[in-house]
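Next up: some structures, all given as C-alpha cells.
Each of the next two complexes has subunit A plus one other chain: subunit B in the first, subunit C in the second.
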Partner chain A sequence: MFEFAIAGIQAPIFLLMITGFTVGIVGGFIGVGGGYMVTPALIVFGFPGYMASGIDIMHIAGKSVVATVRHRQLGNIDWILGLAMVGGTMMGVEMGVRILNWTKALGLSAIALLTGSVVIMLGLFIYTQIETRRAHKRIDEISEAGVTVGRELKATRFSDFWQSIKIYPIVRCHVARIIISLWVIVFVGVCTGVLAGFFGVGGGFIRVPALVYVIGATTHIAVGTDLLEIVVSAGYGGLRHFMSGNVDMVAVFWMILGAMVGAQFGSIATAFVRGPAIRYILAYSLGLAVVGAFFRLIYLLTGQQYMFLNLFAVVFTLGEMLFLCLFIGSLVLFAVQYRRGKWVPAWIPALVVKED
Partner chain B sequence: MAEAVDMRKFRIRGVIKFLIWTTASGALIVFFWVSYFNGTIYRHYYYKANMDGYAINAFAIAHATKDTPAFLKIGPFESVEGLQAAPVKKGDRLPGNATGIISKKIVGEGKRAALHEGTLKVMIPKEIREARGVRFIDTFKHKGVETNPWGAVWSVAFILFFGASLGLMAEGFTDMMGLKIKKIKHYEGVH
Partner chain C sequence: MKFIVNSMLGYWLVLLLFSCIVAGVVFWIWLKDVMV
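== the complex of A and B ==
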C-alpha cells in the first residue's frame, strides 16, 4: 500500500501499474486514451471522482507520448494531418466544455452526458461493426480469388464525398495519401473536439472512426495520428485539471510506468494485423462501454436507489479492459502461429498479415 | 554476411540509444522523487488560499463528530501540525501541511465548524450532499485551495518528457534485442 498524500488515500501501487499496463495495450492498439475505462477503475481503488479524471487525463498524455514514439517508428503517423487537426480539436474541446457548463447550469449534466455518450457510442459501434464485417467478408472473397490483400480494406466510400470538397487551402497528406481541404480536417477536429470536451475524455474513440470514415486514412494511420492528437489534447486537459486541483502526480507516475510497457505491446501488435482487426476491437470497446454507461444512466434515472446497477457498470468497465487485452493478445498469438504456418481459426487469416 | 554486419551495427546503435534514454529516464525518476520528498510537488498543489478562512490539515480532523468534536488551536502557524488552524485571507500563501480551508462563511453558520473559546471547533468534517441528483461526500480537503499555475506547467512538461524518454528507451531496447521494427507497408496489395 502506498499513501497518496494529495489524493488522501492508500492504494496498492501494483493495481495502478496493472491499470496503466492494460489501458496501455488497448490505447496503443486502437489509438484511444482509455479515459472511459480508467476513471471508473480509479474510483474503485478509492480515488475521489474528480481526482480520478485528473489523474486519468494526465496519465493519458504521458502514455500517448510513449505510444506515439512507437507508432512513429512503425510509420503510422501522418504529421501534416495530425498537426492540421490540432487547432480544430482544441477549439472543439473548449466549445465542448462550454456546452457542458451550460447543461450543468440547466441541471442536466450527468444525465445529458450519459445519454449523449450512450447514443453516440452505440451509433459508432453499430456502424463500425457493420462496415468491418463487410470488409472482413470482402477480404475473404479476394483472398479466395488468389489476390494479395493489403493492410487495409474498407467497405465504405463515405470519405470520397469529403475528399471531393474543394475549398482552398487543399492539404496533401503524404503518409495517409490523402488530398483534402484543410477546412474538412478542421471541421472534423472541431466536431470530435466538441464531443471530447463535452464528455471529458481524450476523444480517441470518436476521432479514430472519423479519421477512417470521414478523412479516409487507413486504420493504422488513424490510430498513430490520433495518438499524436491525444498528446496535445490530454496535455491541455492535464494542465486544466492540475490547475483545478484534480491531479495527484505520484499516482500518475506509477500509472505511466505500467502504461509504458503496455503501450509497447499495443503499438507493436498493430504490425501483425490488418485494419479491420483494429476496427473490430474499437467496435467491441465501444459496445462494452455502451453497456457500462447504460447501467450507470439507469442508476441515475432511478434516483441512485439500486446500487447493483452501479456495480454492474463498474464490473463491465473493468471487465472490458481485461477482455480487450485478451482479444488483442490472442490476435497477436494467432498472427504468429499463422506466420509459422500452424493452424489458426478460419476467421483469423483475413484479420492478420502473413509477413511485412 | 553483409546482413550480419548490418544487424550488428543496428544492435550497437540500439545499445547506445538504450543507454542514453535509460540514463535520461533514470535522471527524470530521481528528479521526480527528489521533488516529491522535498515537498515541491506538494507545494505546487497546496499553493494559495482562494477564500478567507482557516487553513487546516483535513486529515487531523477526519474523525471528529458532533459528540466528539476536534478543537483546533488558532494561530499564525507557518506549518499546520495536527490540531492547528491558521487564519488566511484570499491570495495568501498556504502554511505548510495545510490541505484545505474552512471558510469564514461555514464558521459563521456554526453548523459544521464554529469558534469556541479561542479555538476552532470542528463538528462535521464530512457530510453527504446532493447536487443535481448526484450524491457525494463533501469534506474540507482541497476546499479553497489554489494550485500553482507554474506547477501545472511543470507537471505536464515532466509527463511529456518522461513519456518521450520512456518511449525512446523502449525503442532502444527492442533495437538492442535485434527486433527490427520496420515501417508498415500500408498500400501494398488490394486496399
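== the complex of A and C ==
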C-alpha cells in the first residue's frame, strides 16, 4: 500500500499499474480513453469521486500520447480529419457542460444522467454489434468465393449521404481516402462533444463509431485519429482538473507506467486484425459497460440498500477490463497461428489479416 | 475444448466467466486485506 498525500488515502500501487495496463491495451486497440471503466475502479480503490475523474483524465491524456505515436507509425492517423474534429469537439464539450449545468439547475438527477448514458451505450452496442456481424458474414462469403479481402469493407452507406454534402470548404483526407465538407467534420465533432460533455465522458466510444458510420473512415483510421483527438481534449481536461486540485500526480504516474506499456500492445495489435475485429471489441466494451452501469443504477434506485449490487457492478467492471485484454490477446495469438497455417477457430479468418 | 473455442459465442462466454472469476478473487483478496 502507498500513501497518496494529495488524495489523502492509501491504495495499492500494483492495482493502479494493472488497471492502467489493461485499460491501456483496450484504449490503444479501440481508440477510447476508458474512463467509464477506470473511474469506478479508482473509486473502489478509495479515491474520492472528483479525484478519480481528475486522475483518470490526466492518465488518459498521457496514455493517448503513447498510443497516438504508435498509431502514427502504423499509418492510422489522418491529421486533417483529426485536427478539424478537435475544434468541433472542444466547442461541443463546452456546450455539453453548460447544458448539463442548466439541466442540473432545473433538477435533473444523477440517476437520470446514468440512465441516459446507459441508453446511449446500449443503442451504440446494438447498432455496432449488428453491423459488425453483417460485415463479418460478408467477409466470410467474399473469401469463400476466392476473392482476396483487404483490411476493411465499407461499413454502411450512411456515410455516402454525409460525403455528398457540398458545403465549402471541401477537404481531401488523404489517409482516410475520403472527400468531405469540413463543416460535416466539425458538425460531427460538435455533436459527439456535446454528448461527451453532457455525460462527463471522454467520448471515444461515441466518436469512433461516428468516424466509421457517419464520416466513412476505416476503423483503423478512426481509432488512430480519435486517439489524436483525445490527446488534445483529455490534455485540456486534465489541465483544468489539475488547476482545480482534482489530480494526485503520484497516482497518475503509477497508472501511466502501466498504461504506457499497455497502449503499445493495444496499438500494435490493430495491425494483426481487420476492422470488424476492432468493432467487435468496441461493441463488447459498450455492452459490458451497460451491464455494470445497470447494476449500479439498480443499486442507486433501491436507495443504496443492497451492497452486493454495487460489489457485483465493481467486480463486473474489473472483469470486463480483463476480458477485453484477453480477447484482444486471443485475436493476436490466433492471427499469428493463422499466418503459420495452424488450426484456428472458424470465426477467425474473416477477422484477422494474413499478410502484413 | 475445441468445440467451445470454435463457437465465437461459446469462447466469449467462457472468457468472460474466467475474467469475472479472476477479478472477483483478486477483489476479494484485496478487500480482505483492506477491511479491518
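The rule is short, and it goes like this: the second predicted complex is superposed on the first by the 352 of 356 C-alpha atoms of A that agree within 3 Å, B and C clash if a C-alpha of one lies under 4 Å from a C-alpha of the other, contacts with A are read in each partner's own complex, and residues count from 1 in each chain.
Following the convention adopted for this analysis, a contact is a pair of C-beta atoms (placed from the backbone, for glycine too) under 8 Å apart; a residue touches a chain by one contact, two chains touch by 3 or more.
Predicted model, so just to flag it, every value in this text is computed and none were measured.
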Partner touching more residues of subunit A, whether subunit B or subunit C: B
Contacts of A:Ile170 with subunit B and subunit C, given as first, second, both or neither: neither
Touching partner for A:Phe327 - first (subunit B), second (subunit C), both, neither: second
First, second, both or neither for A:Pro345, with subunit B first and subunit C second: second
First (subunit B), second (subunit C), both or neither touched by A:Leu15: second
Subunit B versus subunit C as contact partner of A:Leu83, first or second or both or neither: neither
Which superposed partner A:Ile111 touches (first subunit B, second subunit C, both, neither): first
Subunit B versus subunit C as contact partner of A:Gly319, first or second or both or neither: second
Touching partner for A:Ile126 - first (subunit B), second (subunit C), both, neither: neither
Residues on subunit A lying within both footprints (that of subunit B and that of subunit C): none
Residue ranges of subunit A touching subunit B (in the complex, touch as defined): 5-6, 8, 49, 58-59, 61-70, 73-76, 104, 107-111, 142, 147-153, 175, 177, 218, 220-221, 231, 235, 238-239, 242-245, 247, 249-250, 252-253, 256-257, 260-261, 263-264, 268, 270-271, 300, 303-304, 356
Interfacial residue positions of subunit B with respect to subunit A in the complex: 32, 36, 41-42, 45, 58-59, 99, 132-136, 141-142, 145-147, 149, 151-153, 155-156, 158-160, 162-164, 166-168, 170-171, 174, 181-191
Partner subunit C, residues of subunit A touching it in the complex: 12, 15, 44, 46, 284, 288, 314-316, 318-323, 326-327, 330, 343, 345-347
Subunit A-facing residues of subunit C, complex: 2, 5-8, 11-12, 15-16, 18-24, 26-27, 30, 34
